[in-house]
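Shared between the two complexes below is chain A, which pairs with chain B and chain C, respectively.
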Partner chain A sequence: MKSLLATLALTTALTLPGLAMARPVTLTTTLNNYGGDGAYLALYVTNASGAYVGSLWLAGGKSKYYEHLSDWYAATGGDLAQINGITGASVGAGRTLEITLDLADALFDAGYTLHIDAAVEDMRDSPNEIAVPLTAAGAGSPVPGRRYIASFTYE
Partner chain B sequence: MIRTLHRWPGLAAPILVTVLALSGAALSVFPAAERLTAPPPVAGQSVADLAARVAASHPGLEEIRRSPSGRITAWWFVDGKPGSAVVDPATGADVGLADPNGLERWLTNLHRSLFLGDAGRLVMAAGAAAMLVLALSGAALVARRTGGWRRWFAPLRGPLPGRLHVEIARVAVFGLALSGATGLWMTASTFDLLPDGALRPAEPAGVSGEMTFPLERMATLREVPVDALRKLSFPYAGDAEDVFTLATDSGTGLIDQGTGELLSWAGMTGWQQVSETIYMLHTEQGAAVLGLILGLIALSVPVMGATGVVIWAKGRHGRPHLRDNAPAGRAQTVILVGSEGGSTWGFAATLAGALREVGQAVHVAPMSTFDPAHHPSAERFLILAATYGEGEAPASAKGFLDRLERLPEAPPAPLAVLGFGGRSFPAFCAFAATVEATARAKGWPSLLPMGMVDRQSSQDFARWGRALGSALDLPLELAHQPARPEAQGLTLISRRDYGAEVQVPTAILRFALPKATPWARLTGGGFVQFQAGDLLGVLPEGSTLPRFYSLASGSRDGFVEIVVRKLPGGLCSGQLVALQPGDTVQAFLRRNPDFHAGRGRTPLILIGAGTGIGPLAGFIRANARRRPVHLVFGMRHRDSDFLYQKELAAWQAEGRLGQLSTAVSRGARPHYVQDALRAESAEVAEAIRNGAKVMVCGGREMAQGVWRALEEILVPMGLTPAMLKAGGRYVEDVY
Partner chain C sequence: MKILFPILAIAALVPAGMVLADDDDCRAPVGRWQPREAVMALAETRGWTVTEFEIDDGCYEIEASDREGKRFEAKLDPATLEIVEMEGRDRKGRAPGPAPAGTVAPPANGLFGDGAPPAAVTK
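== the complex of A and B ==
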């Protein structure tokens, strides 16, 4: 069980107007036994119109492979400043990534969507594995991914 | 310098490099297997045709990939579940699982990172670097050993580990250098140290918004042959804004799903192309045959590592550490060493030690690095040189003569040359003589006439030392004890006595084969492997100087046998002849490959007198293949010193010995081996015409008599013993 406890501020999101209050949120991502090497995961948020707002976490050590997290890469242009201080190791098949960070209250029930892109060496890239609207009501209910992610929960 | 560069990676990283090589060899099988199992390609097929066929049988198709081996894989997503399969390009139907092979993945992770992530990658990169350095420095050493790059495949001589090491190296070195260099490049690429990242095609300004254009009619896809395809990603189902992404061997493009038009394109950079080629060369994806060859080559790495360590261990044993070596620039006396097996280094160390005792600053160096400019303070040069083969330079003197010839003028400090060798060989001190002659011709002043040391004789060496001392006006005492293998205790199991009646007490002594240590077994040292004709060094009690006896048995016989005659006042022979079964002596083995019978089928003429029959009897005992053998044996009296009489009769009955001629020197008509030889001159000449090898063992006088007799016998054939000797067909073991 991989457990990462980090208190982080959403760098880009913090610049949005009206953000005053924040609460600790735990994001739990459990992977399938897809029979491959460790997966690269990008967790990021878009707004109601689908525009990129900011990154929450990037699991995977080698920046040269980030282009395989194709939606995140397209949105950020692979800008490493977007994930400065919020990167970690790739996540093995069947393992769980758990991160805790402070998310602004204003991100909930306001049309924001949390996305996860996934990529595994020698297997198909899987952008937008998870696309879950951030709502107070949706907290705690697991969402299945498309290919590599068994379930994702935020609470 | 190159040797050092070769030695340290070889000693520091053999296990790492072996893991790297063996996992690489195992991995090399997969591309070949994939190539064999992949469905056959369809000639001239376009990506449009392939995509249409696969899409027709796979609803929810997301991606088609072509691996360099030609294997086509499809990935799809239907009813919330992903799927993948290897597909047949002719039909688009599934033919097998697309999941990566678990074993291959395990081996890949072992090969590139020892399962240790980035730290492991760096360790393995160090291994690849070690392999590259070993391969390049090894290639230079091979060229040096064989005498130049053009003589790369010249035949080799010397002990087995060294020969094996170089034999394998000259084939493997190219493959290992390639694997090492490409491996390093890939690691650099992985760590983003190379600007070989892919360019992304520009985001299209706009798309048609249509989603239903038939695949088989898309112009861009029709133009690209399947051979060039890397990957075709489909747009998300129902997303009109999304596009096809096409990756080929020349770049990446975005295609409108409503029109099939190319929206934007990014070609490959030069760096990227180089990286792709290197990736192909290293992983052999798409180069299965080359992969298998490199895999086979990688299998040689453990053998090279083991033989390399053995060579190093042996060399270290033979070459003493040069303690107190004065810096090259400050040395008054410069000793240059030309050594093949390492024993001459021992003499050099003794000489250097004696000179230091009398206050000289001495620098000892191999002849191959000779450069007088390094020795501005030199007052004299001393060259100690062995000879390799027929007068060639020994290993540590390679290139010396060229360096000397190239000098604008000889150094002003005078030179003394001392040659080492064995008088029984045709080229006794021949290389030293060449050095001396070249130096004279160059006008190098002489300190002393050239000296010679026969068979590592401490006496010869001490005599030369006195001459050098008087030339330098220094009191010089050279007490050299040749380095030798560690002696082992040999226990006598039986003895047979002869010759007492004719005043030549002689004994055939048979010792038990000593138990070999695992290290000796591994390196072939000690008494693990020897043949008749090799030498047994015996250390008599009360002396540290060994006496050498020719072996009358080989390791296969399961015992160690020698023939010893008690010499009047002889310390060692006296002790040996007095041995009783159960007693032990301290002894060691010294190889003598020049006096082996060899493997051929050509006849052997064995000539010996007295104890000289020892190795000859050993050759006959080992002659299981019934090679024609003619033994000419000289003794004093048939009833007293007919050594091996019973065995010779039995061997003759078994066919191991063809013809036996004897000469008896005591009696009314004294008869010697040379007389017997003359009496049989017709048979001897016939055998020599058939390629016979002549082997002579015994006293010096007998050997000279045999030489003269053979000269006479060979005249009608237009041959001389010297010509046979030059061709390796006349060998002597004379004492």
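== the complex of A and C ==
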């Protein structure tokens, strides 16, 4: 019985920090009325040295257009395994894409940067349109984009 | 020589991007294009079921499934109906795009704290 209790205590102690190691985050991307087709967006994270860590979302279903998300494509080679299970439809001009997810706690205040590449058919590609450091203090502050994205906020 | 110089001068002003075109573009003049019905007839002879038809980069582009139900995209020259590009019919018959959210687990890249897929809404 003692060993059972000890095991329970140990597993509980190991599990609880695990549960606390993520936080629910909402990523809100609002597009400008740029007057074109739906935008393809790649949301991905790099570490403190600028190396690609992984993708959070890819808006746009046709893989043949992914090369226009040029920084994301350069980092991944267009590898679909990077985005299987985290893709959805492209986002229309003037619309807002809201993504909710449980983001690992270790990403905050540790030099990680969230990037968004954007591309629209027959219009200019816009890699790295958003590059925002993931910090607890930066949550809730809108960041303006350059071409297709009006603003981006994580909170 | 007097004629050659202005031609060279104009050529130098044209940015390289305007000269180069994608390999998968079609260049047949519209007057030589075969009708949409010809594409549908070709698809029928091959046992394809066409679900989408559009024009892209001067080519006919179709989304279809073959006799085994495998999905693919094909670009055809609108004049010759020759296949310019075929995507999505690899040896394993996989679909051309990635798996949409909710159909498979998100990648194990360490970003998703609970391993659950993100939820997205467009407003």
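Heads up, the rule we're going with is that the second predicted complex is superposed on the first by the 135 of 155 C-alpha atoms of A that agree within 3 Å, B and C clash if a C-alpha of one lies under 4 Å from a C-alpha of the other, contacts with A are read in each partner's own complex, and residues count from 1 in each chain.
Simple rule for what comes next: a contact is a pair of C-beta atoms (placed from the backbone, for glycine too) under 8 Å apart; a residue touches a chain by one contact, two chains touch by 3 or more.
Because the structure is a prediction, the values reported are computed rather than measured.
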*Superposed on chain A, are chain B and chain C clashing or fitting side by side?*
clash
_Contact-wise, after the overlay, does A:Gly35 reach chain B, chain C, both or neither (first, second, both, neither)?_
first
*Touched chain A residues, chain B compared with chain C*: C
*So, does A:Ser63 touch the first partner chain B, the second partner chain C, both, or neither?*
both
_Applying the document's definition of touch, where does A:Leu80 land relative to chain B and chain C: first, second, both, or neither?_
second
*Now for A:Ser55: first (chain B), second (chain C), both, or neither, which partner does it touch?*
second
*After superposition on the shared chain, which partner residues are touched by A:Arg146: those of chain B (first), chain C (second), both, or neither?*
first
*Would you tell me the residues on chain A in contact with chain B in one complex that are also in contact with chain C in the other?*
61-64, 89
_Touching residues (chain side chain A, partner chain C) in the complex_ = 21-23, 45, 53-59, 61-64, 80-89, 91-92, 95-105, 107
*Note which residues of chain C are touching chain A in the complex, please.*
73, 87, 96-107, 109-114, 116-123
_Give the list of chain B residues in touch with chain A in this complex._
62-63, 75, 77, 80, 82, 84, 99-100, 102, 105, 109, 117-118, 189-192, 197-198, 200, 203, 233, 236
*asked:* So in the complex, the part of chain A that touches chain B is made up of which residues?
replied: 35-37, 61-64, 67, 74, 89, 122-125, 128, 144, 146-147
